[in-house]
Amino acid sequence: MAQQGNGKGTVVRSTIVSKALDGNAPGDPHERELYVYLPPAYDESERNYPSVYCLTGFTGRGKMLLNDNAFTPNLAGRMDRLIASGAVKPMIVVMPDCFTYYGGSQYINSTATGNYEDYFTQEIVPYVDQNFRTVADRSSRAVMGKSSGGYGALVMALRHADQFALVCSTAGDAYFELCYTPDFAKAFRRIKGDPDAFMKRFYATEQHGKDDHHALNIIGMSACYSANGTGFDLPFDLETGAIRNDVWTRWLEHDPVRLVEKYVENLKSLKLLFLDAGTRDEFSLDIGARVLTARLREYEISHIHEEFDDGHMGISYRYDRSLELISQNIS
Amino acid sequence: MAQQGNGKGTVVRSTIVSKALDGNAPGDPHERELYVYLPPAYDESERNYPSVYCLTGFTGRGKMLLNDNAFTPNLAGRMDRLIASGAVKPMIVVMPDCFTYYGGSQYINSTATGNYEDYFTQEIVPYVDQNFRTVADRSSRAVMGKSSGGYGALVMALRHADQFALVCSTAGDAYFELCYTPDFAKAFRRIKGDPDAFMKRFYATEQHGKDDHHALNIIGMSACYSANGTGFDLPFDLETGAIRNDVWTRWLEHDPVRLVEKYVENLKSLKLLFLDAGTRDEFSLDIGARVLTARLREYEISHIHEEFDDGHMGISYRYDRSLELISQNIS
Amino acid sequence: MAQQGNGKGTVVRSTIVSKALDGNAPGDPHERELYVYLPPAYDESERNYPSVYCLTGFTGRGKMLLNDNAFTPNLAGRMDRLIASGAVKPMIVVMPDCFTYYGGSQYINSTATGNYEDYFTQEIVPYVDQNFRTVADRSSRAVMGKSSGGYGALVMALRHADQFALVCSTAGDAYFELCYTPDFAKAFRRIKGDPDAFMKRFYATEQHGKDDHHALNIIGMSACYSANGTGFDLPFDLETGAIRNDVWTRWLEHDPVRLVEKYVENLKSLKLLFLDAGTRDEFSLDIGARVLTARLREYEISHIHEEFDDGHMGISYRYDRSLELISQNIS
Amino acid sequence: MAQQGNGKGTVVRSTIVSKALDGNAPGDPHERELYVYLPPAYDESERNYPSVYCLTGFTGRGKMLLNDNAFTPNLAGRMDRLIASGAVKPMIVVMPDCFTYYGGSQYINSTATGNYEDYFTQEIVPYVDQNFRTVADRSSRAVMGKSSGGYGALVMALRHADQFALVCSTAGDAYFELCYTPDFAKAFRRIKGDPDAFMKRFYATEQHGKDDHHALNIIGMSACYSANGTGFDLPFDLETGAIRNDVWTRWLEHDPVRLVEKYVENLKSLKLLFLDAGTRDEFSLDIGARVLTARLREYEISHIHEEFDDGHMGISYRYDRSLELISQNIS
């Protein structure tokens, strides 16, 4: 099949007016951008393509996957390159925006942030299938991401295997004991007893230190995992910093490691389940992946597990590996 | 004057085929993108606007000023916000691409990188004036930037005051003794005696450590300041790491601190010369700005000098200050 | 009372042949040094003095409290200075050695390290009372320390209040969820599945990195808190890094926060219970102290709680505060 | 020859009342401690031993070489071990105190600190030869040290080869352009225009941050290299941070790299000249050693040069290598 002259795909920006997000608690917009990469020859034929949904990490949104960097291609450039080299076949890549006031949504429903799991599975996926020439079948639909995006991909593996038969999680949040608790102390100190005041200070300036991000991370996870009406409970006592076991238990219910046993059949139905993480991951997500892998083995769930020599940041080059595996296994 | 419905400006992407860059040594493209921000009401009137050229730092290019970030507006969003609040009047903002194989050009001519000073002053500026409704006069034309972009702005103040009457440099490279030499040891160790081999290794992977960037920085500056034909001389001996005084002298000839005395009249002709830097700048550019300020005082050259409590990275919020001062002083 | 000419106390080095430590599992010496500081005028009168036992942190031993440093007095010099200024009254200060092959003993009995709690309470204290002119009464006997030494002091408060009526813990290990688990991942990676092999590598060279110390710390705590015969169980799975709940439960039984309820009467009997920690403590021991404080309040146990602006290291200047409080409250 | 029962040497503490230091500007004591290690069998024979002078780094003094550490032997323990294993023959090791109010003396004379070069060469060496059974000959006398102690050793090689025929410098200060200038900015910011006020603040508390040590380091070197009467000149302008070339020139006159040409005959007369440094030395002293080595080669001065994989701190295990080489080459 002939490629376009320049061998470059096209990025289409759409806007979705979401019902799922309408009236969300923090007042975030329910009209959202959606960026979709169409492979180079898309306009020259009428064929349908497999689709890959790429979920961003915490504080990210789809558009950021298209950011320019001189030494690392953005996701569109990466696809162009992988398709040109033959490493990956032509596929549609979808970049949703599930950002919230609290920094992210973990791609799940929460009364404190909004119904992002519904938004993603009930609105974005159908929208893409209706507006682009996808192969609208789970065997031809993959979801991938890193960090909180990897977590989101795991959520789809667990609860939405009917929609996604291929799932790749790079350094996805897992085994919460080791990935979140080490930040509790820094968050506790920074929040100073008042998370709402912290959020206001955070948005009052562009100048943020490392500890601001630790605090935002824990607040964001609280808004996702331990919502309390339109607010949320922090997993630690605001006076002492002691872990609140009642809240922590609610967090753990969202830990992929613990969700495996509830969704064994879904996980077994996958055509591809890929987990990887860096052996120096600052959030210990290499251990998260190992623990999850052990759980998958226990239930005899097929999967691929890899480690690489790096930390948690600056690892978008690992998208190559996920995309290659998806390309090899997708229909 | 009525604004557009959403109060948002427009970004126009153009392509310039450069004569100045044609046949450059590293074989970088001479066809370059140019991004231009047009203020909200641009299309609704026929008036002309002042223009501001924003130069990116090392490893940057114009497009990156438009990258998306959830907590910091990109340059277009920043302009929208500043215009909306009345802090800045409607202006055209130009974002050139002067990136090279070696990570940057410092916006000067070099046989090793290409004639980027010519490209910028003789091709980009005329192109903008011809294709957009600018006030094509030095008093209505400003240049700003941070880090190597601040350096570029200073270059314009020194040698192209006939084109730019307003110049803002945030943490611009200056006083080379303190801003570059601390990285020599790290670069020396990483380059391991062969800068060409280093460059090949660098481009062979997306996985770069901190020391890779130190090495690239010193190689890039060598390509700009101490070109040797189509190659360049490093400022240190490849066996011992000792500073090569002959090469170092050539670097110093490019130090803004030393160039002041050659261009006193140009500098005196400026309507605005603004220098700022963070008091924790990792490249000691707060000291660079202080030394430069002292030199300007010596020659009785008007300028404004400010310091702020931050380091070298994550300081794009300081664009606000430059843009406000430009807005107040531009015709 | 006349002071010695130079106003300096004397340090006496003794050797104790311990029965409690005889035959300890790792084969550490059961003949141990004991350093005792006698106040300036000790030899000029026949009076008896209160005694203070200062316990070192992990990897420490009594002798190290006498190390020389140009800017920080060692414990003897500190006492000289505090006595000379009148901030502290003349007291005997005892510096025991409870170091083990695994880096420390936490001042408790363990089949993997030895019976250090017995050694301290049944051998060192009687030895001191017999060999030096102490006031051999709990009201005249204090114990203090920082980090693991603070933990040791808390152990004495909990289980040996009959011997020590004054206890000061600076950044003492407490609230194990936050002080130990953040190091699990680093220890797991460094130990590489074989703690014995790690220990051999550790002692085979003097060249140790930060991660070696993280690994030693977790191994050391395991030897103290979760001994298994003459060996020990690590709190995480050697293949995955997952926390072993059965082992972790045994650790928690040693957490001061959890021991309070068992020893309420002992704690209530104290004349001084002082807790402090730095607000940037890298092991979150400020939170440890806050949680412990809350538990003490719950049981209406008198105590003093302070925070100071510092981290976990380089805080021996805080000994001043403990010594002052001891001096004010000791008989 | 029979060794003492325990195979342990003896440490003798002496006091020297120095004429050279009498009346020194900062008012530091001119009565100083001297620690001397005598090998195990010293008291059992009447033979004479070679002597090795070990000079401490900045902020150090001889006594600190005897500090206790659980994982690294102090210098006496190191000698015991090296002698016991046969790696090193029995030698006397001398540990002088050349500390000053400004953190050190670099073992040179200065009107701002005192005449420490005289003190060392004219008072300590004769004292040792008179009071201990040394072989009082340059061929049997070595000097070694790391960091500023390595610098001191090089000073002896350059100017006192008549006294010391064996010299070992580990990470000795050399090539001042790279070892000192990177700290200028931090020192400038911390000193805030008033070095005397800084010194008072420094001594007013035991709580010192990293930047305090950068500032002390630059002040200390100024007191040694650019004394001005009883005071000193800093190498940078107190307002701008610009390097003061007049002062910097005076510093460079003390750079071993530049002193080689003045003392070629002395250097050629040495029986051992050993230089080593870590390849990650934070003060770039690996480059210092390389530049010095190149200078020595230029003048055909015999020497041994080694690099090791480490930084600047925690490298006392490298004493082993110096001591072995000394043992092999000393008479």
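As written, the chains take the letters A, B, C and D, and residue 1 is the first residue of each chain.
Assume a residue touches a chain if its C-beta (ideal position, glycine included) is under 8 Å from a C-beta of that chain, and two chains touch if they have at least 3 such contacts.
Nothing here was measured: the structure is a model prediction, and the numbers come from that model.
Listing every chain that touches subunit B and subunit C alike gives A, D. Here subunit A and subunit B face each other with the same set of residues for the most part; over half of the interface numbers are shared between them. For subunit C, the chain with the farthest CA centroid is B. Between the interfaces C-D and B-D, more contacting C-beta pairs are found at B-D.
Put simply, the C-alpha centre of subunit A and that of subunit D have 56 angstrom between them. Centre-to-centre separation between subunit C and subunit D, using Cα means, comes to 35 Å.
If each chain is reduced to the centroid of its CA atoms, subunit B and subunit D end up 45 Å from each other. Chain pairs that touch one another: A-B, A-C, B-D, C-D.
Residues 175, 177-178, 181-182, 184-185, 188-189, 237, 239-243, 279-280, 284, 286-287, 290-291, 293-294 of subunit B are the ones touching subunit D in the complex. The touching residues of subunit D, when paired with subunit C in their complex, are 59-61, 63-64, 66-72, 99, 103, 203, 205-208, 310, 314-317.
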